[in-house]
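Order as written gives the chain letters A, B, C and D; numbering starts at 1 within each chain.
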Amino acid sequence: MVVMQVTILIFVAIAGGAVVFTRNPLNQVMGLSFFGLLLAIMFFIFQAPDVAFSQIVVGAVVIPLMVLLTLIKLKTKEQSKKNDA
Amino acid sequence: MNTFLPATPVAVPLTIAALLAAVNQHIHRRLADLLAIAAAGYCLWSSILLMLRSSHMPIVYWMGGWEPRNGVAIGISFVIDPFGAGLAAFAAFLTLIAFVFSLYYFDSIGTLFHVLMLAFMGAMCGFSLTGDVFNLFVFFELMSAAAFALCGYKTEASGPIAGALNFGVTNTIGAFLALSGIGLLYGRTGALNMAQIGKSLGQTHDGLVVTAFVLISCGFLVKAAIVPFHFWLGDAHAVAPTPVCILFSGIMVELGLYAVARIYWTVFHASLAQFEAQTRAIFVTAGVITAIIGALMCFAQRQLKRLLAYSTISHMGLLLLAFGLLAPRAVGGLAIYLLGHGLVKGALFIAAGILLHHLGSVDELKLQGRGREATSGAILFLLLALGLAGTPGYGTFLGESMVDSAAETVHYAWISYIFMFAAIITAAAVFRAAGRIYFGWGPGIDQSQEEEGETDESRETTGGPSVPLTMVLPAFLLLILAIAIVFVPQFRAKVELAGMRFQDQAAYQAETLFHAEVPIYHAQPSEPLLPGIIRGLVSTLLAFVVAGYALFRKRLPSKYLDFTGGFNWALKPLRMVHSGNMCDYVAWLTFGVALFGGLFALFIH
Amino acid sequence: MHEFLRMLPFAVSAWLFVAGLYGIVTSRHLVHLIMCLVVVQTSTYLLLLGVGFKAGATAPIFADVPVGTPAVDPITHALMLTDIVVEATVMALLLALTIQAKERAGSVDPEELRILRG
Amino acid sequence: MTRRFRNLFFLASAAGFAVFYLWGLHLLPGFGHYPGPYGDVLNALSVYERHATDVITAVNFDYRGFDTLGEEFILFTSVMGANLLLRKQKDDKEEDPPLDLARDRLAPPTSDAVRVAGLALLLPIVVFGIYTVTHGQLTPGGGFQGGVILASAPLIIYLCGDYENFKRITSHVVAEVAEAVGAGGYAVTGLISFIFGYKYLQNFIPLGQTGDVFSGGTIALISALTGLEVAAGIVLLMISFFRQTLVYRKPGEERGDHHA
């Protein structure tokens, strides 16, 4: 049990760092989604099933989806700007 | 009545907000206005009632009826004292004014504006009344969520978007700081009720207590716009719609400071008691720096709303000073100063909004001489600037004198000069702007002006030559109240008493957790105000002199008397620091936390 | 080892807070910046989780285990649930603002968004 | 500030901050040593007093239900705020989204197999969502978790490549009303307590048999309202973003796939 706890904590630390240090938002959102999943697993391991439930849906689906939609919109804007130029 | 009254200042506006959201698009604008005004009016009435009823003994109200068991709190409580209820009433009152002002001001988008404002008001009321530290955080976030959206209301322009982003990012980080502090406290005491945490901490003062105190304070000081956490305010207040600015400057920012004061006196007072002198020195220094930087930046602005925003920062510095004195009587002065300033500042933002409606601009230089016809606007501006200057007769004057006399008791008498400095410079800036806009005085646009950020704001109304009464009357009402509060009989004594009770940690614990009745305080005679009157008159006079100098310096006999070049040169680095870049702001925020933390650690370890 | 484990969740919490702040300060893209804000928020989850955990205890759900079984703290879980909602909503607002920033100011680089300054 | 100076300035400050924060953290009782008493008291009380076996749900919707009221309104306010910020503006024109949104989703076009799999997932998701909402007081879950799961049902339809169907089943008006009813209902439930002479949000419904779906008194009611609010709120949020991304266009602005 302790080994699992230590492992997941270290994974979370690394994944969190990876999210920050990924500069390309598109890659970053994949990282964020993965990070959200890791957090959910962590909540399960630390006896917080209720929180894990929410985290899976919010952290791994809702938030990445919102970010993706935003990125798409930004991309469309970028392209229309190029057209004008 | 006490079974339902205490919860309603929060429950009613939220219910009405949900109702208005449900009928969004399908309800007539005026009906929505009416409902929103009724909700704000109800909040005002119930908060005043709560304030009056709690004057002898705080009202402790346990949500869901979960009374403490053997002195262990298991639910969430509202602990209502006159101080908190008064702030809730003030928030409700300003919201009411903002709703009246916006009757003919906005093309509202469905009922979204009303919904957000009502949620904002409910959050502010809950924030002022709660006795639970996590509940405080929840209402802080609710307040922020509504405020971010309201700040970016005018999505057609780039300014509001940038301002709302800076506001959102910095305040969210502030919230996380506060939450981390709350987590630390919970980890030590296993409690979230403020009285309970305070009782459990007792007099321990190790690193954890200090860290928790610094994190929570810094988190809320971000909202209170204390240097170096203040950058967002100038941006957000300059671009938010006028009715929203009334709330931002009049009460929201002040609530950040209220939270620090509340938590200090309910949770940390006993544990930090033996370091009172050091704590005082740190807070007073922060207050002094904020007051000075705010005033200088205020004088350097030409966009009126930004000018007012920096004046708010300066006055927040003064309020932090008043709190930081940690003197029994200073809190009463703080309350009155807060009230007086909020009324005057709210009215000033309304006056700026009227200019924007009437002349389509808030750029002091572009508007030069264009307000010659509008006499009432000129009178309004001048009378309000007197309020900023602390002229005898205004609420700000009374508050300032009370803080000054309290400062003498803790050997900080010199802070009265800081009060004077901030009052003179911020009032002079408003005098200068009024002189230029309404009388056409002063030099025109100087082409050599260095590159600046946005100096104007997009219109909020369709505009027109006539100014509806619903815009002018609220401003005059606020002005009258800013003077009238001084003449309420026994006002000063009662507020001083409430302020002293606000600081009594032992009584707070006993009343909250054990239903104890604590003997009523007796008012002691207040100090005479004569020195205050002299100081107030001197500030007013000097404010006129400074404004006159700024306007007429070109007519001075010798050009060596023109210091403006030097002033601008000296201010250049300061203006560069206010870069509009949120990355800088976050770097400063981190610096601020590290600095506060380092100082406290150094003094207390 | 014991000391290491005793501090680990809190150390990770501090690391995430500082790393997230670093990401924000050095960010050149608002969407990146907002995701770094999520990392900062995660730090508060870890703090709360670490504070409420009891070694060897079960989840605070007494459907299958009798009342009285040592269970971890339910309060911090409730707080974390609130925290997660806050995270999602703040993200939504900031992302909405980001879209408008691109639309109105033509950029999502904080350094180019310096419309308000001085 | 130049970028280089800012980074150095930040790193120095962050180092100070980290040291200070760790100084406080290392004095915590230590991981695995929860100090109590709050959580322990509630763990002991909740099954007897509230007939709720999931203490977290009892805390969320009763002992600290007032926090959750604030939290629901944070969600509500943000959804309204996002709606406001992403509203259709005067210079926006609406455009029918293309049937195949593959490029906009930054993913390859959906095959029929994916479509069938997605639709097959739909029913279990809805059932599971409703189960989670209604059994919150008994097993892990509750209004919030169930609501999010329910909200993901329409998302699945979208991910199966069908914005038209997504639009058909997620009426903006219905979602808006549902959200307001959920959030407002929570606040009103608290007000109803007054009729019985109770405090705000105090339980006024019989507690029922522990372990029963209808046990827990107001917890079950509030949980259901929260589920409604959260599901509708997240759907509304998604609609706002979808519209902004797929439907609204500025003059002269074309969809990305024409030029990709």
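By definition in this document, a contact is a pair of C-beta atoms (placed from the backbone, for glycine too) under 8 Å apart; a residue touches a chain by one contact, two chains touch by 3 or more.
What you see is a predicted model, and the numbers here were worked out from it, not measured in a lab.
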**Study point:** Pair of chains joined by the greatest number of C-beta pairs in contact
**Key:** B-D
Practice item. Would you kindly tell me how far, in whole Å, the mean C-alpha position of chain D lies from that of chain A? Key: 16
Exercise for review: Averaging only over C-alpha atoms, locate the centres of chain B and chain C and give their separation in whole Å.
Suggested key: 28
Practice item. Could you tell me the distance, in whole angstrom, between the mean C-alpha positions of chain A and chain B? Key: 37
Review point. In chain D, which residues are in touch with two or more of the other chains?
Key: 6, 10, 14, 17, 21, 25-26, 28, 34, 36, 38-39, 42, 54, 56, 64, 67, 71, 74, 77-78, 81-82, 85, 140, 144, 234, 237, 241, 244, 250
Check your understanding: Which residue numbers or ranges of chain A touch two or more of the other chains?
Key -> 49-50, 54, 58, 62, 66, 70-71, 73, 77
Point to revise | Residues of chain C whose C-beta touches two or more other chains | key: 5, 8-9, 13, 17, 21-22, 25-26, 47, 50-51, 53, 59-61, 71-73, 75-77, 81-82, 85-86, 88-90, 92-93, 95, 97-100, 103, 111
Exercise for review: Go ahead and list every pair of chains that touch.
Suggested key: A-C, A-D, B-C, B-D, C-D
Review point. Tell me, which parts of chain B touch chain C in their complex?
Key: 134, 138, 141, 144-145, 148-149, 152, 155-159, 161-166, 168-169, 172-173, 175-176, 179-180, 183-184, 186-187, 190, 192, 234-235, 238-239, 300, 306, 452-454, 575-576, 578-583, 586-587, 590
Review point. In the complex of these two chains, what residues of chain A are touching chain D?
Key: 26, 49-50, 52-54, 57-58, 61-62, 65-66, 68-73, 75-77, 79-80, 82-84
Check your understanding: In the complex of these two chains, what residues of chain C are touching chain B?
Key -> 13, 17, 21, 24-27, 30, 33, 37, 40-41, 43-44, 47-48, 50-51, 73, 75-76, 79, 82-83, 86, 89-90, 93-94, 97-98, 100-101, 104-105, 110-111, 113-118
Point to revise | For the chain D and chain B complex, residues of the former touching the latter | key: 1, 6, 9-10, 13-17, 20-21, 23-29, 34-39, 41-42, 45, 62-67, 69-71, 73-74, 76-78, 80-85, 87, 89-90, 173, 176-177, 179-181, 183-185, 187-188, 190-191, 194, 197-203
Revision key, fill the gap. Seen from chain D, its contact residues with chain A in the complex are 54, 56-57, 104-106, 132, 140-142, 144-145, 148-149, 151-152, 155, 234, 237-238, 241-242, 244-245, 250, 252-256, 259-260
